[in-house]
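One chain, subunit A, links the two complexes that follow: it is found with subunit B in the first and with subunit C in the second.
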Partner chain A sequence: MTEQGTGVRGQGTGGRRARVAVVIFPGSNCDRDTLAGVEAVGGEAVPIWHERSDLAGCGAVILPGGFSYGDYLRAGAMAAHSKVMTAVRRHAEAGRPVLGICNGFQILLEVGLLPGAMLMNRTLRFICREVHLRVERNDVAMLSHYARGQVLGLPIAHKEGNWFAEPDVADWLESQGAVALRYCSADGEFDDDVNPNGALHAIAGLVNRDGNVLGLMPHPERRVDALLGGVDGRGLLRGLVEAA
Partner chain B sequence: MNWDAPATAELAREHGLTDDEYRRILDTLGRTPNLTELGIFAALWSEHCSYKSSRVHLRKFPTTGERVVQGPGENAGAVDIGGGWVAVFKMESHNHPSFIEPYQGAATGVGGILRDVFTMGARPIMLLDSLRFGELDAPRMRHLVDGVVRGIGDYGNCVGVPTVGGEVDFHPSYNGNVLVNAMCVGVARRDGLFYGRASGVGNRVVYLGSKTGRDGIHGATMASDSFDERAAEMRPTVQVGDPFTEKLLIECCLELMAAGLVVGIQDMGAAGLTSSLFEMAARAGCGLALELDKVPARAAGMTPYEFMLSESQERMVLVVEPGRVAEVLSLCRRWGLDACEIGEVVDGGEVSATFHGRTAFRLPLAPLVDEAPRYERPLARPEPAPLVTLPDLSARDWGADLRSLLASEQLASAARIFEQYDQSVGAATVVGPGADAALVLVPGTRIGVAATTDCNALACGLDPYAGAAQAVAEAVRNLACVGAEPVGITDCLNFGSPEDEQVMGQFVAAIEGMAEACRAFAIPVVSGNVSFYNDTNGRAILPTPTVGMVGVVDEVRSRPRGRWQDGEVVYLLGPLEGELGASRFMQVALGLEAGPVPPVDFAAEQRAAALVRDLVRKGLAAAKDIADGGLAVAAAELCGGRVGADLEFPAEVSPVRALFGEWHGRFLLAVAPSDAAALVEACAGLPLTRLGTAGGGSLGIRCGTRVWLDERVGRLEELRGRALAFLGET
Partner chain C sequence: MQVEVRVQLKKEVLDPQGEAIRRVLAGLGFAEVTGVRVGKLILLEVEGGDPAAIRARIEEAGREILSNPVIEDFEVRLP
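Entry: the complex of A and B
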């Protein structure tokens, strides 16, 4: 993907569409889908090459899915050290919205913007399937279009999505409301059968303390068109665009 | 041995060349070739590269049509799909490597087929895999299945092209020789296609991608030889794939092409640099002068022989105008890829190379490519399929038969396989794996591209002509179930040794059957692949001519569905009874493989497919073609483990033919009661029978008051998941 011109600065004021940066690492493969998803909910999607040291004045940033640098060392480990991540970290620390999807979530864990680490799925296999997710937080901007307890249908597609932390850390995170999305049944219930990858506490998505950094394993950008299986991903992307 | 040592007849034999072929080389050159030159001849004259046993028969396929933009002979075929777009597609086998080393064999098969498609300037939008394995309890078989699935998944998932379809089957004839056929479909603008042509004297040859190592040397000659118990020793001839580099290559090459920097482009597949350079030169009618010292090497001390025959993966050859080389190299660097100039296009019909200041080889093009040997091998026409007298079926428990069919590996749900593939990356998958056909949108449009792979090898083993024709017909039906009109075929013809008259007879009959069907349906063959020597210790596989068919939906307005819903009315389109020849019922329930395989009634198939296509496009009906396992299995699949049905056959029919008979272009359709009248009207003039309604928790099929079977749908779904459940475990 060729980087587009970056002449337009500033945020979504005066009728101009809010600009959302989508970072492209070598090996990103959901970048085009994510760019299209942002546009589908009314944002202006701006591809940002990983060697760049700024975010072209975008108000929000997405780290898309894929296999950055082949994920040969450990998912997200190499991308965490790329040049653009300094700008992403600054953006996050300024309280501006950052969304990590799948590999993007793994990268957020690697840079410490979100807690914990990813293990291989408990089957040690790649898993692609439609899952149900319960929205645990809707008081953060990105999830504000959903109701608390609402059940979403989104696809997962990953081999390392088995979120892990020391049990007391996980308990502490629960008490702090860090769990944004959890794998569940179609009725919003939990049992081990509905946890596709073995993630601790069935965690599918986490949010930081200030509510501006969200990471999730499922792919909202693949659910913005009813023809492709549903529109449950629109709310999240719209929440991000509105917060940009 | 030195790379420039004189090549003796004995060396030629070791390279898989016959004595006649060796003499022909001496006559052509008027001298003795050196070892490197011999290696080049052996690779280009191998069955795999030269199609020497198949070429005369492949001409029987219709390859032209209004939509055809590029037929066979290029890296992939291209067909117009409207809106200024073309679909670019091809299927290729990676059978031998996958049997020796399943993970890398399958992975590099996916990598190779992707390169064939993006080389044409097309962005790959979907992958499909047609897989054949032996009995699950045969030695190594579970390991092979697992390794192949992981290899396909890890490669396709990383490059970010969704794997959306394909098929898997099991038969003892594949115990010693599994089949891995990978198909890729890409899309390009009609005016944005690129070709593998080294044209324009003075243009530069640029090498792009991974460095060249010693892996995969002799891959093409291995694929042109039969197997025996020494297969494991060939492991070093299997290449190792790097999907990350492939992903970079896709993006880099598409960007180079979009920027107008490329004159010609080709990937290095079988026989590596040798085939790409010679084929590109031959297509353009130019020569090439190369400097092998400049080829990026992965190991120290590599020789010209190794450079020319390595099958290291993820490598491309570009032809670039001299003034644009710097731009090309700089763009490649941005993608983190190795690229360098290794030679130039020259006048005349010779390809030559220097190495350490000496001539490494100097060879005339024509004898190597266009004038490569062609054989009309002797053949024995196949005997008619053996007929069998069925045992007494009067006291059978049809419910038990359905359960045993669903629990067999042949009819098992492939969900545990598909789940390991990213099916929806690209955010364009309308219908993914597990359906009759896959349906994916052209990025940014509502144009749907559908694809399916089909081959009933059981039928082809019994009657190659009828079986191959039926494979085409089944593909047409499968496309109809997602509303798609067929526009082109790629094929992958997997057979035993062409030196065996019986096998050659099967091969020719299958081609003729497929060609007849292609003509009758007016679907051109635009690309394909032949894989011979699929035999182990003299035992050949079932003839497996796999059809990869691509279809188009001009504007996708609704999602085709493969399940019926509570309250829908269920119809059978087509005759009430099927035929038992080569059926799954005979194979699984009775343990018999016998004919006859009925011929295709093209007119009836055309009418039914056109009708179903229309109903699905309008979002009126859920449609499923009745194929493997017959109506009972199709109905079980439509239940989807959730919604049963009460179906009744109206007249006195043979239960076994009604429930488990196959062939004859039959479909199950399900429509909302409010649409039933519209359906009946649309089907006027075609055999249509109302069977009952969907609903409840069990699938019941009866004839009058006699209940043939009554099974809980949850139980049926559980049985379908059983045989391949091991693929979801750690």
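Entry: the complex of A and C
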């Protein structure tokens, strides 16, 4: 893949495709799937090495999953201080779309673009399995292809996904509509059994006040092709590309 | 000089790792151990002579990167 994109043309988009930066840190490992996912929904995926100080003119940016810096110190802590993050912060503060997936979500928490922090899963295990998620917000661009209350099937793969904030902070965020996605049963119901990692309020994804920064633990880029398990992730990536 | 930074989960944050260790200790007969909390010890080699200045700088590092204030407290110890 080159800085000019990954070659496969979006279908029926006509003019220029929206450029989406996918930041690569040492230890990122979902970057290729994420680049391919962006292309699959008609965007032009642009890999951006973490030492760059700009986003190559991209309209949206994704921090992909993986183990940036081997999860040393805390998941996402080292990547949060890399050079490219100054540009990502500027991009977010300008109201442009920023998506953090899994380790990317952890990085967004570490830089403070989203609130709270991740603790180790309450089971102490790395969990890699399909989960159900309820869409709590569809009035933000990235989630606009889903219905409110829709149940999505996406895989999770993490050990630090147990989202935490002081209980009154969590309640306040809830009242502000910061919860974008929540772990649920196949029927969209909540109880403690369907919360895989112990996250407060069963939070799987958060959105900032302006709706342009979204972080989630599940992996939408792994569900963009029916052949590979489902297409529930397409809507999110398409929403991001359209907002780029 | 060698400066220690001790990073601990805040008291109100559950530590499932510490709890798992406590259960294993109880199983091994260490019934008197009633609580376990796991933290990190970070040892820094630091140049400079003024302890107050060194402490202030390392506390800055503690806030900036070595700890996450949402879930952790830290303590700087000079020799």
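Note that the second predicted complex is superposed on the first by the 230 of 244 C-alpha atoms of A that agree within 3 Å, B and C clash if a C-alpha of one lies under 4 Å from a C-alpha of the other, contacts with A are read in each partner's own complex, and residues count from 1 in each chain.
We take it that a residue touches a chain if its C-beta (ideal position, glycine included) is under 8 Å from a C-beta of that chain, and two chains touch if they have at least 3 such contacts.
The structure displayed is predicted, hence computed values, not measured ones.
**Q** Of the partners subunit B and subunit C, which touch A:C128 in the superposed model: first, second, both, neither?
**A** So A:C128 only meets subunit B here.
**Q** So in the superposed three-chain picture, is A:G116 touching just subunit B, just subunit C, both, or none of them (first/second/both/neither)?
**A** The answer is second: A:G116 touches subunit C but not subunit B.
**Q** Based on the superposed arrangement, let me know which partner A:R74 touches: subunit B (first), subunit C (second), both, or neither?
**A** A:R74 sits against subunit C, while subunit B stays out of touch.
**Q** Between subunit B (first) and subunit C (second), which, if any, makes contact with A:F164: first, second, both or neither?
**A** second
**Q** I'd like to know which partner A:A147 touches here: subunit B for first, subunit C for second, both or neither.
**A** A:A147: touches no partner chain.
**Q** For subunit A, what residues appear in both contact lists, the one with subunit B and the one with subunit C?
**A** Common interface on subunit A, subunit B vs subunit C: 122-124.
**Q** Where on subunit C does subunit A make contact in their complex?
**A** It comes out as residues 9, 12-14, 16-17, 20, 65-66, 68, 70-71.
**Q** Along subunit A, where are the residues that touch subunit C in the complex?
**A** Listed in rising order, the residues of subunit A that touch subunit C are 73-74, 77, 81, 109-110, 116-117, 119-124, 164-166, 198.
**Q** For subunit B, which residues count as touching subunit A in their complex?
**A** 150, 153-154, 157-160, 242-245, 247-248, 251, 255, 335-336, 418-430, 441, 443-444, 446, 556, 558-559, 728-730
**Q** Within their complex, state which residues of subunit A touch subunit B.
**A** It comes out as residues 1-2, 26-27, 29-30, 32-33, 36-37, 65-67, 69-72, 122-129, 155, 157, 159, 219, 221-222, 224-229.
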